[in-house]
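By written order: A, B, C and D. Residues from 1 in each chain.
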Amino acid sequence: MPFIPHTDSDVRQMLGTIGAPSIDALFDEIPADLRCGKLRGVPEGLSEMEITRLMSERAAQDGRLLNFCGAGAYEHHIPAAVWEITTRGEFYSAYTPYQAEASQGTLQLLYEFQTMMSELTGMEVSNASLYDGATALAEAILMAARANDANNSLKVLLPRALHPYYAEVVTSCTSAQGLVTQVMPFDAATGRTKPDNADSVAPTAVVIAQPNFFGVLEDVDALTDWAHAQGALVIALVNPTSLAVLKPPGTWGARGADIVCGEGQPLGAPLASGGPYFGFLTARKAIVRQMPGRIVGRTVDLDGKQGFALTLQAREQHIRRAKATSNICTNQGLLVTAATIYLSMVGPQGLAKVATASMANTRKLVNALSDLKGVGEGFTGPRFHEAVLSLPRPVAPLLRGLAEAGIFGGFDLSTHFPELGHALLVCATETRTDSDIRLYAETLGRLLAA
Amino acid sequence: MELIFELSSPGRGAAAQHPPVAADLSAIPEALRRKEPPRLPEVSELQAVRHYTRLSRLNFSIDTQFYPLGSCTMKYNPRACNKLAMLPEFLGRHPLAPESHSQGYLACLYELQEMLRDVTGMAAVSLTPMAGAQGEFAGVAMIRAYHHARGDTARREILVPDAAHGTNPATATMLGYVAREIPTDAQGDVDIEKLKAAVGPQTAGIMLTNPSTLGVFERRIKEIAGIVHTAGGLLYYDGANLNAILGKVRPGDMGFDVIHMNLHKTFSTPHGGGGPGAGAVGVSERLRPFMPIPVVGVADGRENREKGDLGSLASNDSRFSTPDSRSYRWLDENDLPQSIGRLSAFMGNAGVLMRAYVYARLLGREGMHRVAEFAALNANYLSARLKAVGFDLAYPTRRASHEFIITLKKQKQELDLTATDVAKRLLDHGYHAPTVYFPLLVPECLLIEPTETEDLQTLDAFVDAMTSIWNEARSDMPKLKGAPWTLPVRRLDDVRCARQLDLRWQPAP
Amino acid sequence: MPFIPHTDSDVRQMLGTIGAPSIDALFDEIPADLRCGKLRGVPEGLSEMEITRLMSERAAQDGRLLNFCGAGAYEHHIPAAVWEITTRGEFYSAYTPYQAEASQGTLQLLYEFQTMMSELTGMEVSNASLYDGATALAEAILMAARANDANNSLKVLLPRALHPYYAEVVTSCTSAQGLVTQVMPFDAATGRTKPDNADSVAPTAVVIAQPNFFGVLEDVDALTDWAHAQGALVIALVNPTSLAVLKPPGTWGARGADIVCGEGQPLGAPLASGGPYFGFLTARKAIVRQMPGRIVGRTVDLDGKQGFALTLQAREQHIRRAKATSNICTNQGLLVTAATIYLSMVGPQGLAKVATASMANTRKLVNALSDLKGVGEGFTGPRFHEAVLSLPRPVAPLLRGLAEAGIFGGFDLSTHFPELGHALLVCATETRTDSDIRLYAETLGRLLAA
Amino acid sequence: MELIFELSSPGRGAAAQHPPVAADLSAIPEALRRKEPPRLPEVSELQAVRHYTRLSRLNFSIDTQFYPLGSCTMKYNPRACNKLAMLPEFLGRHPLAPESHSQGYLACLYELQEMLRDVTGMAAVSLTPMAGAQGEFAGVAMIRAYHHARGDTARREILVPDAAHGTNPATATMLGYVAREIPTDAQGDVDIEKLKAAVGPQTAGIMLTNPSTLGVFERRIKEIAGIVHTAGGLLYYDGANLNAILGKVRPGDMGFDVIHMNLHKTFSTPHGGGGPGAGAVGVSERLRPFMPIPVVGVADGRENREKGDLGSLASNDSRFSTPDSRSYRWLDENDLPQSIGRLSAFMGNAGVLMRAYVYARLLGREGMHRVAEFAALNANYLSARLKAVGFDLAYPTRRASHEFIITLKKQKQELDLTATDVAKRLLDHGYHAPTVYFPLLVPECLLIEPTETEDLQTLDAFVDAMTSIWNEARSDMPKLKGAPWTLPVRRLDDVRCARQLDLRWQPAP
């Protein structure tokens, strides 16, 4: 019986203590007509040896593609120590740190994490994580709607150059509360977002993505000041790696962003098919009580010794129930553990090198691919580590050809951005070598020539 | 312990972790460049490893302690689940990788959907919600979408028993509903008369946990289902307590229309110090069109295959190979145009799903049946033994499900013994505290859930600790009030923590 | 500077305290003409990202063969927990437990290991491990020579049916101390060792391998009694997995073996190209002071509380120097950690199933291969989980053909045992499935038909 | 803590770990069958995981503590070495797998041989010895084989300085030699006159560590080499202290004929609570024919390639690819017919070698040069600071190498303060004790080696702890004599341990 430690004699003894004739008798309050029979859809159990073989075979079946796709998930080097420590039982199998005295490891780590995210984003306060970047954006929008006392139009401006799945998640998560979104277009030449409020209703919040989905760097100062001028709160959606070298949102424009959020995956989480990742959210201190998610504070114990505890729980569902800032309960503690160790290991210098090496490699990739006949750069704006390429032919068949050669060539933009034609979003992080890039260029060249 | 920032020295770093190039900012327009580097820690690799290894040792965890934590199902997290979910190929797979190179991965998810469908008795399953609370959100969103799709937009209320998890009313609010409380009767069942009085054309649905958070099975569930359905409402099942009934009774058979499952409870994926979780949702036939995307389907369009088909996995020679002929694909808005949409950028907490898949295959059919059996055995045993010590059960005439409640109402009055005192003193004995002060309607309560993976000796040793505390309450109350004594810190000042907010380290000025 | 935590300002401050002008000055006692220049044979350092890529590529280059080879190293299932716990920093990066108070984790574990090995082998005392099975045999022989007061001929009888590399290691490690070995032949039909002492000199020790190198189970009772009758000490060389189901050496014959040793690899150590593994050694208590290697004992502390410490150190080199029982210093602590966790997880029932499932699979394999034309069983004796097959053609080219098809077909006996003709030693542990076996048989059939 | 056996219950087990078949003993002849199953623990998977996780927490380790442990070089073990050595393909490779499917693995070993050859200045390297002591054995065995091959069998003595590691004389004995001690002079150097008097036609060789175990560099090493070589003996270098000179001076250049390296010291493979180690040996040209097998060679016979060839790895585009054209093979007795033979069943501690390889590549050329520099900086700094506290250095006029010795001779006489007292009290401060009572010729000594991977703050904090002990020796001696106070156990009774032998658990009768 996997994971059941009871011997027959244990069971007899326990039933005797309970005063029940059988284990089945313990379910005698369940109406008989509801009791289910065999679970026919569940196969027989496997031994660990068998499931190990099965999973190894499935892993081998999928293999590994040489990856040139970003689009919200970035392949960065992760120090071996990160996950060796993160998966220590004391982090891996610990519960949410409600019992603070028995959870100082996780709590101090979260406090360190909050400090790091505050530093990276240039904001005063941080929560202890949300599910992922997309839901962090949705929560940031809901938070802005609660926090913006001056303007409750419930209208939010999103850039058209936003990750299309993020836009979908925002709709799924916020529309029931009456929020409506409206799109800010991008300039067809530069790829930069145009400050543009199509109707006369003043927005409650404006979302600025830096870099935007095309990898293009926005003129964040101008956008921030424009949004503030309309009475909106500014929500910055940022790539955390980029913040090692880019102006932090806290210093955008005259007043800085009000809320900053994003996808934490680049900080130590493997691609892993899309998760678990984590969202981060930082803000000005004045609106901390509108923040969703857990927050850790430093305090003292009965002896005056420093310690850490979850705080401001009056915002949360388990205290405030229907009036909570969010229904969020779990966060992504284990991923935050990895991120905190990651940031400690790479440090400010390492993170800056990750950022600029990724920029440089993407530049090399764009150069190599643009040398191919019919391939061109999509936009002229400055960029971080992703780029749009225009191809001379439909993207999907080319991506299939690349995959057959073991290369994942990027994200096909033509479904979500038909206005861009045969457009492909590519990325080369610090993990790509010159020969990787050469291989991609050669393979694509061969496919285009065919 | 020092903070990592206090170990930092300007210019120090873990050089092996730096890409082998100089940082060149020249490609960034001057106006967009960062002026001052972020004050991240500048430490050596050894400093980082030692700091976080030592920090980890300040935690309690399943791997080191017994967690009788009601409603949280803190059971053993098999190490195989972690190791196999972290095979290099799975970790290296980009979420948008082509389906042609994802068949192994998709097969796991598809089979997980099928197994969850069977154990819940629902028509279909979507795995994408990233936690229980998001599963709840998806569930209520589907109820809402269902009513709206029929043009029925007048339903503004969601009914919630007073014993419910805080996430239930919070979720209703997030979906624009008013949460209306239904009281519990003295036996711990929903007050049927009050329910009858509450339902009506304004009722969108009811959110229930069964067994409830009171640790008892809601016996009149079919009647409740009838009342709500008759009023035009739908039934939502909060899967927090699914461990209590796995393989014994299925939410679908009880009449529920939608369910979320906490895979980090029932399917034993790790809690990780507060996440990640996974909150897969199962739906009845009428809610199927509204499922959140993406879902994994069979590429030949046979995704609506009959129950039990997966059972064929068990019949072939090597006992576990996948039928070669099948291939899988993502189902998205094109397949489910009425979907409530996307709830995460990609496929939820994919790695958690992989761990749950491994766990489910390890348990298998027989193992699933046993989960509830031994969870109930442990809970009823512990309940009987603690009652014998003198502790008062909140519902002494009821069977415990997988958990049960002790109330210190009497001891609070007589001795000023609180649930917090017991909880903190248990930490000194090396046990994590039970859930305290929840459910809200039982005063000074301890909600105790031992789970099926703990052995008899551990339960007996826990009873010894509780007995010692019982005696200490009569002999040495200061010892209890001052607990814990042996942990890295003693009781923390929560009030100060919330009033004098200190949420980040700052360098000394 | 990888792994060097010193900042420039640290270095200046430290040199100031030392009173040295430069780091180089710290080496001023080394004669200048000895100082070396650049290490030209060492390439430039790699980042962890680069070495990760390099090692992943090399791993992929080697791939994974479907393994049917034993010959001293056995592919068994290892529970995932075993190495996740073993590589926890507290076990992985701990020193030898000389400071007992700071090493109770390792020491208690070693005490548990000693208990387990005593139980498996049926002996009174165990040490805390040696390097590997082959050196454990060499140490057992040296120990027997020290312990056998009645007969100091220094002659040791080894079975011909011994792992040939073990025989070589025995020679390398013992010949300088004057020990000479002589071979006991095996029966050509059964594969069992014949009690045979070719000359009249009484042996100091007789080695009995159970199973022997051919996988054949010896008549250990008869061999033991025969050896004892000649005044020899009996050294049992055993497969630890087999001891779940085979008679333990402590009960062989009338008096039992005197020393038991073997390779611990089957107990939780991965194949890993041959190491690290560990040797084990158990014995009668009367000769414990002749044991090589570390031994842990249970004792009490100043308060009378139970604790564990290294003991009988007067045997060891760091105390006894030139008069030590062995020069051995390190043991294989980490592997013993894995083995102890492994044995705790499989338990007596699991280990018995591992043993019998391996036997059954090897039986199936032999049956499937013997069905091929020209292939036959090498020996008629009873066996454990390895078997000798006679092939109709030279073995080496067939093994190459199998390797090309992704199968490691076994150990070619023709080099070391030319008397057996085209003989192949095969093994199918519990990890091999029916379809694995079918694949082997089909592939070999195809090769033989070609 | 309980023993695992005390958690055991008959019939319990971790079922997921059992092969999915019944145990069938019928194929075993009755007379050979086991009658009673071995009393291995019968515990659940959770019990095993929890027990060993908790046990681990009773240990000190590099990942949690500073280990200023002289002669043991307890430096940071990079986690990458572990992870990469444990890639599934490397772990799954059978030791006898065909060379055609081992080229990646063999390339790593070959390059490790080449790098070690270069850093030691020797002509060739064999990786097979499984620990320092086995490396010593191999080294002296090669010296013996060399003399015997020339027909010179009269050499019966190995010279060993009195400060040497115990393994040195023990090894000489194992090879049938008589170990003859050479005294050390007051400055810590070998007494040259005594050496001259000791050498002769009976001298097979001398075993030296340089810097010696006294923590100082043997300045007249060339002269010693001349004396021994002139007498027909060979020089053996004990690599225990190689960390002190890595990239600064090479044993080959000093005149040594053979060296063993402790890869678990200088090349940072983990100590693992007492192993596995790895004791690669390097040899001069004349000892090359006698190297232990197997050795990795280039398949085209170019295994004797010139120094520096590996440097070409650094020059290509991606900075790390292997030249495609090269292929590797095992060299065995056919290639080295005069070999001292095989020292392990297969290729020594292969996984340890892989870790050392990764470490060496991470360090690279510049990193190697830095090892000794910063090891010396840390040792000399700590030595200067402890001297300032008042501690007596054993060799105050000498430079510390990577380690140095404090002697409590005076404090023993004046205060009855022993090296053990300091060692045990340091444990309470969270530091592993230095090596004590070694080398044998310095009374009440502490041999302190901080290694290059520890940072300044850690060294300063250690000095604070030593200062506190220094003061305590004058204010509260019982606190020192009773130490440690904060560990899982207090001082253990070693005498009882050896007299009342309790080497295994037995069930209560």
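Keep in mind that, in the parts below, contacts are C-beta pairs under 8 Å (C-beta built on N, C-alpha and C of every residue); 3 or more make two chains touch, one makes a residue touch a chain.
Given the structure is predicted, the values throughout are model-derived calculations rather than measurements.
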Intersection of contact partners for chain B and chain C: A, D
I want to compare two interfaces, A-D and C-D. Which one has more contacting C-beta pairs? C-D
Can you give the whole-Å distance between the Cα centres of chain A and chain D? 45
Centre-to-centre distance between chain D and chain B (centres being mean Cα positions), rounded to whole Å: 47
Where chain C and chain D are represented by their mean Cα positions, the distance between them in whole Å: 20
Counting only residues that touch at least 2 other chains, which ones in chain D make the list? 9, 12, 14, 16-20, 43-47, 49, 53, 57, 62-65, 76, 78-80, 82-84, 87-88, 318-319, 321, 362, 453-456
Which residues belonging to chain A are in contact with no fewer than two other chains? 1-6, 10, 45-50, 52-53, 56, 77, 79-81, 84, 87-89, 430, 433
Which of line, ring, star, complete or other matches the graph of chains that touch? complete
Taking the complex as given, what residues does chain A use to touch chain D? 1-10, 45-50, 56, 79-81, 84, 89, 433-435
Chain C-touching residues of chain A, taken from the complex the two chains share: 47-49, 52-53, 77, 79-80, 84, 87-88, 430-431, 433
Name, in rising order, each residue of chain D that touches chain B in their complex. 7, 9, 12, 16, 20, 44-47, 49-50, 53-54, 57, 62-65, 76, 78-80, 87-88, 319, 362, 453-457
Interface residues, chain D side, partner chain A - complex: 9-12, 14-20, 43-47, 49, 53, 78-80, 82-84, 88, 317-318, 321
